[in-house]
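Sharing a structure, written as structure tokens. Questions coming.
All chains are identified by letter, namely A, B and C, in their written order; residue positions are counted from 1 within each chain.
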């Protein structure tokens, strides 16, 4: 209804009468006229796209007779004339030039103003551009939108990552009109509520993986630390103590120690905040007190931590699988066979070693399989198709099973080396032992939380029960 | 339009006049007042979220002066007073307490009641909670919704798996009002039709992969069967007949026989129902008779069968790729080299074996590549982007090619062992032979269905032609 | 609002009075009556589905008393009577029979006609079916839709790839009514604008990966070329010059040369058009002149080129990882060990070779990891969740890093063989050298474009600056 009304308004025929027309006898929308303020690059791109979709376009310009090349078929007028001829006006003008709109306010009364502007940096202005615009032209209906699209998209229409248009504004009708128009341009529209969401929309195109920063920094830090730790323990130790240069091991052998260590650590860091939160709730006896800020932030990047951990696990798998085609490994195996023959002593087959190493590989593979499953289930389209119970089953239950498999895989790797003094070169433990600390502690704590009486308390607290509820209740009752 | 009306109703100003207002001059929605019945955990979480989004919230409580801690900024009133002040009431009350609403019915006339309740088990009550509520308060407009979200989501806003809100109800306007509100909270809304869909929505959060159960059971059954079958044939046979303990082979060698067998069997079980359905249609000469129930159920879990088959194939690939780094394999290869030298006889290179094994690997890899492609194309976001013809091309044509590659891979593995009596230990065929039965039969049947005259009949039947149509037609004509 | 009106119209109660009713007191939508013209297969499937969802259905038929079996519960009438009883009519009739509707035009005035028809081939008619229908019955509101669904879906309801319904039409109200109905049937609706989009919708079900054709042809061509090139250089050369039959190497060794070559070439072809476009823009000094058609077409299939390249890389990885389990490789390694012993000379370990090969593998794995990341980020649901800046960061920056890694991987593979005359059998360079040409040129050009002064010019041009702007400007100003 609203668009019909808008379109008929733009054709200057008594707007209210539409209500009485039978079903959609209003003319086809091809002739609808839209106005664009600003003849810059963005204005031109948008206008061209609108013309291609079948709209008529009029530009509002300060110098209607010398405003540069415009798309074929578009008219140019003064701002006031252009505004009056259409019911919807695109603001393709930089925020710093908005002030001229204040004078135009009478011509913009009742019009829908689409603010497509972006800023060059976050927090440049106290007020969102769209809110500023609404304040300048209070009689209009400002809708923020299209700013999340690239100029290329505005000119060429929606493509892969550019199909979604976010709108916000205070007038439901104005938003509806803009939504219809965006739909005709081929976009899918998501309403983000009132104009107070404008700042969020204006910040969106400026962001570059904000929620990935902390996990990426962590991954980088851990990788660097373990790289140098192992470099010293393996390569430099061999050079200093045994005068052997085994620096060629850096590229694969060393990397293939760093990756699984970082992967396991990050996977456990992904589940640790949940455990800490549970312990805090148990300790406080309530779930109504806010977690400390660092815990909140940590909880919000769990998905990213898990996905990075999966990435490292993926690299670990590939690095492991190329082992047998490495020159060094082939040389070593061949050398060992030759030395066996020369010294004429045959190694005995040891079934225990076979059991251990095979279990080690099998557990690792199963762990990685579950890891991949966790990764797939966090693809947006997959997780959207799951019920909340299903999602939490996968991410929590299966997640802990994955963590258990990966930890067990590492223990099997260590096997009896934990007790061998020769493992502790220069009194430092091997890297994989360090990586076991967090996941082992985590699994023990998780087991403790699963003890029936603890579990029951926690469940009650999470259902809203509070240990000191009666007192609190009275206090609150007195206060209100 | 409807929300504006609702919001203005909540401000008690002549509701019908809105229709005449120009475009959305109704005040901004920030001041809209919503009512929540119930001050329990859910009510509090929801209220907090609504307040954060900019709504005003009033709680209806039986004991307005002693109802425990409530979010800051919310009012508390008696149920009747709270209901009267808002046009939209959330029911955050357990179904067992609904009966008190009967008395409030006059105060709730014309109000939108949002039923967010869930039950603890399926089929606890004959009537859906929302339908029961509608019957208790017939003058209201009950909308079922939000019940698929976790309490955490209601309090903290949408996150990954919790962006979608399902609504159903008999009044389009009431649904529209709730949808607008949900959108403002940041959710995306899916209308599921009239209130008769309420039971479905109430069952949704209780479900845990219902469509995966049968395939998972099947996978588990097949895995168990083939594990013990191969355990007896390989490990126990060697122990009994040759007094050799090769139990260490369980972890990898045996598993890597079970996984591909189960994978191939399940992939063929994924395509078998389609073949059976085609044969049934050919036999019956019509497509208008229902398939038997077991076939319908089978057809509905084809996707899950295929994905599980892919999972097993993935494990098979990883188990195969770690073969050369296994202690046992390295030992065996080294031992074979040593024995060649000691016995001073050189093995001849056999080009046929090279051809066969390389083909075997190549076909397997290509089959797995197609497998992965099938898996990717069944991701919701990918399959949504395909036209129906494209989807069926991939899932059907490419699916059969995949099945053919995998079957061929297994035949190449068997090669001349089919005729070797030593393969049939204790008169049982090797596992891979068993796994070939279903896919071979399937491929033969599929080839038969592709014979031109059969294919033509089937196509005609699927286009609606019926072998006994003329008779039927007359009969129907007489009956009507 | 509109549906209520429609539904009440179908119940023949004063349609306009609904506007005055309080919120949705109109009866539940279960009793709504819909009309279907055509009792063929499609009409029957659709009718059955509508009846299951709770609608009443009336068929319009030329022979209402002998029209074959219809779903239980549906009525049959003459076309005119059926049309008059409902406000929404489905056209389940082939386009060639549309002409009879011209006579029915008076009965169809103000009705919503849903055109679900498809054609057997593209461009069979000049006019889209729906536009033809609108011309025949000008007083009606034609909505094109549902034609992208399979008949199976229409009968059984939405399933995986069949959840989306596309609508287009000139009347917003009619579309809204059809959208509501589709939503009740469980579909999600996407409005594609006015009726002029009907042709696009009618062509959609006929398409089979149109945007994949060119990349697939290219992949096929490259694969064939390099296969025969390497066949001649490797297998036939060995046969002719050394009288050795090494044809068994075709299945894995040769394939594993072809795949990485094609993968690298296609990855660079995916980034080449961007470079060409930049050079063109620099040369022309403006971004406002259209690119030649071949460049436009090339740019549009970049995503497909990249994904195919990833597919070949995936095969390359698997083919590489099975190397050590190949019979030929095992034989060769064993033979080399044996010969070392017999000739009693030990090979020296060469750290440089270890460094080189390990780097070669490591760089390859990291390149493949990034490749996979690019692939994941082009899944529709993932790319939709990214801001435009994030998407272009991954696809452009990370894409070039990937290309660099893969090119470097190939250079490390070549190492000092570039200068060895024995590499150039029959005066032809090895395959990997050919594959290095395009990516090397591409990376050099990209580096040139990143030189500050060039980069600055390009950025200015892309922001809309034109080298000859002043002149142009004057000319345009004079022309307008």
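Keep in mind that, in the parts below, a contact is a pair of C-beta atoms (placed from the backbone, for glycine too) under 8 Å apart; a residue touches a chain by one contact, two chains touch by 3 or more.
Treat the numbers as computed from the prediction; the structure is a model and nothing was measured.
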item	value
Same-site or different-site touching of subunit B by its copy subunit C, using the half cut	different
Rotation angle superposing subunit A onto its copy subunit C by C-alpha atoms, nearest 5 degrees	120
Distance between chain centroids, defined by C-alpha means - subunit B, subunit C (Å)	24
Of all residues in subunit A, the ones touching two or more other chains	1, 19, 321, 324, 337, 341, 379-382, 384
Residues of subunit A touching subunit B in the complex	1-2, 5-6, 16, 19, 110, 112, 141, 170-174, 190-196, 288, 303, 317, 320-321, 323-324, 333, 336-337, 340-341, 346-347, 349, 351, 353-355, 357-359, 361-362, 365-366, 368-369, 372-373, 378-393, 463-464, 469, 472-473, 476-477, 480
Complex contacts: residues of subunit B adjacent to subunit A	1, 3-4, 19-20, 22-26, 28-30, 40-41, 44, 53-54, 65-69, 76, 148-150, 153, 160-164, 180, 183-186, 188, 204-209, 245, 247-249, 251-252, 255, 311, 314-315, 318-319, 321-322, 324-328, 330-331, 334-335, 337-338, 341-342, 379-382, 384
